[in-house]
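All chains are identified by letter, namely A, B, C and D, in their written order; residue positions are counted from 1 within each chain.
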Amino acid sequence: MLEHYDDHPREACGVFGVYGHPEAARLAYYGLYALQHRGQESAGIVVSDGKRLKDRRAMGLVPDIFREEDLQALTGHMACGHVRYSTTGSSIQANVQPFIINYAGHSLCLGHNGNLTNAFDLRRRLEREGSIFQTTMDSEIVMHLLARNIHLGFEEGLIEALKELKGAYSFLFMTEDTLVAARDPNGFRPLCLGKLEDGYVVASETCALDLIDASFLRQVEPGEVVFIDKKGLRSIKPFKRVRHAHCIFEFIYFARPDSNIFGQNVYQVRKRQGAQLAKENEDIKADFVMPFPDSGVYAALGYAAASGLPFEMGMIRNHYVGRTFIQPSQDMRSFGVRVKLNPVKELIQGKRVVIVEDSIIRGTTTMARVKNIRAAGASEVHMLVSCPPHRFPCHYGIDFSTKGELIACDHRVEEIKNMLDLDTLRYLSIEGLLKSTKTTRDGFCLACFDGDYPVPIGEGAGKYCLER
Amino acid sequence: MLEHYDDHPREACGVFGVYGHPEAARLAYYGLYALQHRGQESAGIVVSDGKRLKDRRAMGLVPDIFREEDLQALTGHMACGHVRYSTTGSSIQANVQPFIINYAGHSLCLGHNGNLTNAFDLRRRLEREGSIFQTTMDSEIVMHLLARNIHLGFEEGLIEALKELKGAYSFLFMTEDTLVAARDPNGFRPLCLGKLEDGYVVASETCALDLIDASFLRQVEPGEVVFIDKKGLRSIKPFKRVRHAHCIFEFIYFARPDSNIFGQNVYQVRKRQGAQLAKENEDIKADFVMPFPDSGVYAALGYAAASGLPFEMGMIRNHYVGRTFIQPSQDMRSFGVRVKLNPVKELIQGKRVVIVEDSIIRGTTTMARVKNIRAAGASEVHMLVSCPPHRFPCHYGIDFSTKGELIACDHRVEEIKNMLDLDTLRYLSIEGLLKSTKTTRDGFCLACFDGDYPVPIGEGAGKYCLER
Amino acid sequence: MLEHYDDHPREACGVFGVYGHPEAARLAYYGLYALQHRGQESAGIVVSDGKRLKDRRAMGLVPDIFREEDLQALTGHMACGHVRYSTTGSSIQANVQPFIINYAGHSLCLGHNGNLTNAFDLRRRLEREGSIFQTTMDSEIVMHLLARNIHLGFEEGLIEALKELKGAYSFLFMTEDTLVAARDPNGFRPLCLGKLEDGYVVASETCALDLIDASFLRQVEPGEVVFIDKKGLRSIKPFKRVRHAHCIFEFIYFARPDSNIFGQNVYQVRKRQGAQLAKENEDIKADFVMPFPDSGVYAALGYAAASGLPFEMGMIRNHYVGRTFIQPSQDMRSFGVRVKLNPVKELIQGKRVVIVEDSIIRGTTTMARVKNIRAAGASEVHMLVSCPPHRFPCHYGIDFSTKGELIACDHRVEEIKNMLDLDTLRYLSIEGLLKSTKTTRDGFCLACFDGDYPVPIGEGAGKYCLER
Amino acid sequence: MLEHYDDHPREACGVFGVYGHPEAARLAYYGLYALQHRGQESAGIVVSDGKRLKDRRAMGLVPDIFREEDLQALTGHMACGHVRYSTTGSSIQANVQPFIINYAGHSLCLGHNGNLTNAFDLRRRLEREGSIFQTTMDSEIVMHLLARNIHLGFEEGLIEALKELKGAYSFLFMTEDTLVAARDPNGFRPLCLGKLEDGYVVASETCALDLIDASFLRQVEPGEVVFIDKKGLRSIKPFKRVRHAHCIFEFIYFARPDSNIFGQNVYQVRKRQGAQLAKENEDIKADFVMPFPDSGVYAALGYAAASGLPFEMGMIRNHYVGRTFIQPSQDMRSFGVRVKLNPVKELIQGKRVVIVEDSIIRGTTTMARVKNIRAAGASEVHMLVSCPPHRFPCHYGIDFSTKGELIACDHRVEEIKNMLDLDTLRYLSIEGLLKSTKTTRDGFCLACFDGDYPVPIGEGAGKYCLER
C-alpha cells in the first residue's frame, strides 16, 4: 500500500459500482477515494438516471479530477467508477476508464480490473471482420464481442462475449438501467458486494464499503455474473468450475490493511506473516525492528510482537511527498528516497537494526534506503521480507510483467543481500506464506513466486501488446 | 466572412492538407489560420513522418490551440488539418476533427467539410452488423465502410466506401504515407489544389495557399479522388457524372473575399452583386451608403460605385469583440450588437442612409443594428440585401438547417421590412445573383432560396440525427 | 486605432470611473471594453460600496480578465477602471492599475493616463525621506506625496500633492466614498464627464459613454479637479492657467473614430485630413485609393470623396489576428503582415494604387505591406500620410519615446520613399493638419512633429527611468 | 506533524536560507520541502546573483508552486525561502513571503517566523509619519523601520530597526550580496545554522539540513544577528540578555521528529513524553495501545515500551488525503475523519484500547475519531495526552490565538472526557512534560498551558490586528 513513486509494483485498477441511491455519483467519488491505492493514473465516474449515461473521466487522482460541480452534474441513481493504473494500454487520455460506447441508440460502460491473456488473438480476429477499435486497452474487446452478439439480447449477448475471454477480470458493466458485476472463474482479483439502504454496492475492496457506511454482504464469487436492476439482484454462473487462483500478492502488498478480501482481514494476515518471519528466523539478534513506512509496517508489528524486539519508526515520512517533485539530478531514485524518508540518526546510531519489508521487486529503492540507514550509523542491518522472492512476471494484472524488472529473477538471495549491502537477507518461505493466509496452495495464484501459471498465456501478452 | 457571434449562418468546416514539406505541421497551422472563418469551434492537425501519425486536436481557435512546442512535436512531411463548426454531431471534444482510427496496425485520419444526406441509414445498417461508433459525426461512417472493405486494399476499399455516400463532402484522408482528397460528384463545397516547392497542398479556399506562398494549380474537380504519395499525384474519377451544384452562398457570405473559388474571385463577385443591386433599385434616393462591417462591405462598395452615392463606414467596430464577453442582461443580443458596432452620430444625424447587407438569416442582429442607426438620428434607412430571401434549410453543410431559424420562411418581404423598422427593404433577384456570378442556374445549388434540392434528403437528416 | 501587434505607437492608458450606480463594476467592464484600444497589456476594476474597496486586476485583455462571477463579487455603487499599456514602468504584474494603497485604515486607488516629467526627481527625494515604493510606475509618486500631506485632510492634501507634479495626467482617484478626476493644466490627454441616471461617469473617450447609454456632459477641463461624492459634483481649479497642449495624435491615430475629444468628432477630423491630402496632392494620378485596414480608412474615405478616385478595400483582414500567433521564423514582421492582411490580386493586378496611411512610425510594417501590394501586381504605389513626419519622441504618454524608433528622425522623406519602395510618398503639412482640426497651433501639442515641448523634460524621463 | 486539514494548531512559518552555492534556488526548494509541515498556505524563494534579486512566490504547496523551469530561472548563489501559514495578515496573495522591497535602487527581502507583539503601535506611528504599507503582515514593519534608519548604513540601520521590535521572530533578510539571520532575544522559535561545502545554510529545523546533506553547525542563538557575505560569517549580539522562552509546543507537536531543536532530538523527547505518561498512569489496564496516525505515534511508542502493552496501528491512513476533497454534507468534520482514517474492525472489536494523542486543541476531530473507534467495537477507550491542557492563546506565532478555539479553556478535564465519550482522559503534568525535555521551566515558554507570557502583549495583538 505504498504510493506510486516507489519501486513496488503498481496495481492494475479498482472498480466501484452503486445501484439505487439518489447520490450515486457522490458515493462513487468516496468509493474511488478509498480505492485510490489501486490506481493513481486516471479515474472516472459514469452515472445513469435510468435513461442516459453521463460521465467525467480524466488523468490524475480522484480528488484532483472531481469538483463539487462535477458531482452535482452527474445526476442519477446508478454509478460505475474506476481508478486505473495501466496494465495493458499506454497511459493516454483515450484509455481512461470506465470505457463508454454508444451502440444503436444505447449506451454501455465498462470498468475492468485484471488482464486478459487472449487479448491479442481476439482483437486480431475482430479487426479482420471490420471492427474499429478506439483504444489500446484489452477491456475494449469485450465490448466488440458484445456488439457482435447483441442480437441475442443484452444478457445473453454479454454471457456469450464473456465466454470468449481468458485471464483475469473483475468487471463492472452499466447500461442505462442495469449494473452488472462479473468475476473470472479463477477469481484472480477481489470483488465484493455490499448493501446500502435499499441499494447495492460493488467494490474491489471492503474499505470502500466502510467509507460510505455500506454493509458487507458477500464476495462476488469466482465465475459469477451479477445483474442488478429495478427488479433486484440476479446471479448467474455460466462458466464451468475451475480451481481458484486468488492473487496472494493482494494480501502481501496491494490491498489496504483495513480491507477484508478472499474472506480474511488483510491487517491480520500481514501480522501473521511477520510472526511467521520471527519463527523462521529466530537466530537474528538485534536492538530493535523497524519498517520502511508504510510498506512493511504490519508485518513488522507482527515480527516485533512474536520476537519480543522493540518496535520503532526510525524513518520519518515527509507528508507532502505524494506530489510531483522536481528531481535534483540523474541520481534521482536515491534522492527521491531521501526526500520521502529521513532516518532519525539519534535512534539508529550504533544500533543493530532489523528491517521488515513486504517485498523487493526491482530493489533500487530498497538499496537507497539501506544506504541511508547505514549513513545514519547502524552497526548491523538485517532485512526480513514477508514473501518469497519474485522470480516470474504476472500476466493477470500486475505491473511487473517483464522478467527484467525483477531483481530475484537474475540474482540469488546471497547476491541480492550483497547488492543491497545487508548483513542478513531472509525471505518468507512459500509454506510460511500460505500458513499466514490459513489456506492451501490450491486457492491461490503463486505464479510470481513459482512460475506455475493457472491460465495459459496467449501470444503477445505483454503490456503494450495491443499497440504497435 | 463575419465572426461567429453574429446571426449569420456558420460554415461547416475547412480542410487543409500538405504533402512533401519538412515543416508540414507549421504550414497546416498557417493554412488553418487562413481558414479560421470556416469553423471556430475546434481545430486539429494530424501529421505523419511516413510511419506514424501524431496529432493535436482541441476545442477553440487555431491560435489558442497550438503553441510553438506543439508544432515542434508534430514532426513529419505530411499533414492533414481541419477547422470545424459542427454540422452533424454536437459540440463535444470527441467530435473534434481530423478524426483518427487505428485499424489492424495501421492509422488513418479524416477531415470533412460538408454533410452526408444518407448518414442515418448507413449508420443504422453498420450498427446492426456489429460496428461500434465513437462519435456522433456523419464523417465516421466512411471509416467503418472502409474497414469493411479493406480486404480489397486501401485504394479500392476507399472508392467502394465513397460510392455508398450521398450528399456533400470535401474530404481529406491521410494514412501513414498517403494523402487523399475527394470531392462529391456535385461539387457542393470548394476544394483547391496547390503546389509548394516539390510538394502539394490541398485547401478549402485559395486564401490558405496565399498565406504560405503556395501557387494555385487547379480545383479538385467534382467527383474527383486525388491520391498523393511518394510516387506523385494520381487522379481517379470513379463516379458517374451529375450536374454541378456549387453552394452559391459561399460567394455571398462564406468564402473570404481574397479567395478564388468555383473559378472566380469572391471580392469581384460581391462587388458585382452590389452593382446589380444598384441597377435593380435605381429609385432609391439617399445621402450615402454604408455596410454593417464587415458583412456587406464589398457589395456596398459595388453599389456605391454603380449608384454614385458616397461610401461611408458609419459604424465603428470594436476590435476586441471576437472574444468571450459578459452579457449585460436578458436583452443580450441587442447589447451584443452595441458592443460590437457603435454608430458615428455626427455622420448619421439627419441623413438618408442606404445599408447594404449580404444576407438576413434570423434577422435579430439586423433588427438591433437598424435600431442603433435610427437612434443615431438617421432620417431614412433603406436596406438592400445582396441575395434573395432565405426560405429553405440547407442539408449540405450549412448551419441554418431548420426552417424556424429563417425569418423569410414565415414572413413576406413587406413584413420583414416592418419588423426591422426599415423605410425600404429590397433583396437581389435570383437572376441578378446568377448574373453576378457570370454563370447559369445549372452550375449552382440555390436550394436555400428556391427549395430545389439537387440531392434527395434521407431520413433524419437534421443536425443531431446521429445522437439520441 | 490599430491592434497592438502593429508598428504603430501604443497608447498609454484609458480610465473609466462611475459614481452612483448599483452595478458600477459592470458599467466599468463595458467602459473599459470600449476603451480597450488605449491599452491591451493589463486592466483592472476597483469598486467601493462606501466602506471598503474591492478589486480585480490582471495582465491581459478586458474580456479575458473578467468573468461573470468576478463582476458579481465586485459589489458597490462606485468604480474606478483602467486599461494600460505601460509608458513608465515595465510590464509586470505589480504595475497593473488601478493602483491601490491602504493608508492608516483607509484605502485609496488611482488610475493614470499620461506621463509625469519630474518623476525621477520626486521619487529620489521621497526615498531619501524613508518612503518605500511598491512599483516602478510614476503614478505611485502622487500617492506618497499625498501620504505626506494627509494631515491637511484628503482634499487639501491631494491638491498639494498634485501641485508638485509636472507633465501629462488624466487621473482618477477613488476613496471609500469619493471619486476624483483630475486633468493636468495643459490638458494633454482627453477626459470627459457624463451623466447616467442619477450618477456620474468619467472616461477617457466618449465612445465609453455611448456603450452604456450615458449622456455626454462636458470635458473635464485642463487644470480642473472634480470631486464626486454623495453631496454631488464639486469642481476646483487650483493651478494657474497655462496654454493648452492637446495631443494632436489622438485625432490622427489613437482615439476611436466614434469618439468626440477636445470638442470635435474624430471620424470627421480624419475625413478632413484626407480631403486636405487630396488638396495638397492634386498631381497624383491613380486608378483607385485604398487604406491598409484599419489604420487609414477614414482619411482614405475623405481623400476618395475629395479626389473623385474610387475607394477599394484591396487588402483583406484575417478576423482572428488579434490573438497570440506562432511566428514562422526570424523574418517575423513581414510574415506577421501577411497573416493579418492579404491583398486581392484580381483587384490590384496592373493598377496604379494610392494608399492613405495615418502615420509611419518605425516603417517596418509599412515596408512589408507595400511589398505585398507590389507582389500582387500593382503598377504604381503612391502613399499619402495623414500627418507630418514623426521626428521627435513623446514625453507625455506615448510609447515612441526614443528617437531610434522613428524612421523620420534619421531619414529624409525621399529616403523613406526609397526604403519603402514607393513611387510617391507625401505627408500632410502641419498647416493642413491644423486646418483639419479647425483650430490654431496654440491649442495643441505638436512636439512629435516639431520638437517644441510645452512642458520641460526632467532628468531620466525615459520609459524605464524608475527601474534600475 | 499532522497535515493541515486537522484540528491541530497550524504553525506560523518556516524559513530557509543559503549562501555560497551555485544552485541556491534548488537547495532552497528542497529545504522548503523539508519544512513544508511548518506552513502550507504559500511559499516563496528569492535568489540573488550578487547584483539583482529574482523571486517566485505563490499560494499553495512547495511542489505545486515550483517547476523545473522556475528553478532554472532563479539563478544565483544566495537564496532566501519561506513557507507560510498566516499568523498575522490574512491569506491573500500580497502577503506571500519572502517579502520584497525596492529601496532607492536596492532590493531587500525578508522571511519571518514568529509574531511581533507591538506591531499595531509601530504601524500606527509609521503611517502617521507618511509610510505606505503594502501588506497586512507585521513583518513589513521592520522594513519601514529600516528605511527610516538607512542613513546609518544597512547593518547599523537594521540593528536599530530590530531594537524597536517586541515578540517572537526568527528572521531571514537578504540584500543583493548579504544574507542575515536574526533571532529574538527570548528565542521563541528555532533557527539553526549549517555548513554545505564552502557555503552556509540557515533553517528553521535541522531536517532541512539533512535533506541537502548539509552539516549542522549550531543554533542561531537567541538575540543573535548573523551577517553572511563574501567576507564570511559575522555575529552580533546587540540586545540585552533576557530569559529564554523556547516554544515547548515545537517539541510536542510542530517540529518534525527527525529534527533537533533547542539542543535535543524531537523523536526522543516525544518517546520520553510517552514513557512519562506511562509512569503517571500505571492504573490503566488495556489490551493494546495505538496512536491516531500520525499525531501521537512517537509518544505512543514510548508509552508501549514503558508500559509493556502491545503497540498497534489500529487506524489506517488513506495516503491521498492531503488533497482538497469534496465534503459530503454539513457534518463534514466527522466525515473528513472517516476519509482520513479507517479503523481495523477485526483488531479493535471487543478490546480495551489506550490511545495516545499529542494534544487536544478544539477537540472536534478527536471526538469524531473516538466515535469511530467505538463503532468498530472497542469495549473501553482510554486517552492519554502527551501535554497539559491548552488553556491560553499563543501570541508568539501559533494559530490558536483566541480562547474560544481551545476546548480546555472552558471545560474541565472531566467534562472533556465526557464530551469525547472516553472511559479515561489523562493529560501529562507540566512537571512530567519538563522532565521529558530534561530542562527546567526557565528555558521554555509554557504560556499556552499556564498563561505566564514571557513578553507583554500590546494593543490589538490578534491575528488580523493590521487589517481593518
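Just so it is clear, a residue touches a chain if its C-beta (ideal position, glycine included) is under 8 Å from a C-beta of that chain, and two chains touch if they have at least 3 such contacts.
As the structure is a prediction and not an experimental result, all values here were calculated from the model.
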item	value
Distance-maximising chain from chain C - centres being C-alpha averages	A
Centroid spacing, where centroids are CA-atom means, of chain C and chain D in whole angstrom	51
Rounded Å distance, chain B centre to chain D centre (Cα mean)	63
Multi-chain contact sites of chain A, meaning residues that touch two or more partners	none
Category of the chain touch graph - line, ring, star, complete, other	ring
Contact footprint of chain A on chain B as seen in their complex	52, 101-105, 124, 127-134, 136, 143-144, 147-148, 150, 468
Complex interface listing, chain A residues touching chain D	1, 3, 26, 29-30, 33-34, 36-37, 40, 61-64, 66-68, 71, 207, 210-211, 256-258, 260, 265, 267-268, 294, 297-298, 301, 304-305, 310-313, 316-320, 322-326, 328, 338-339, 342-347
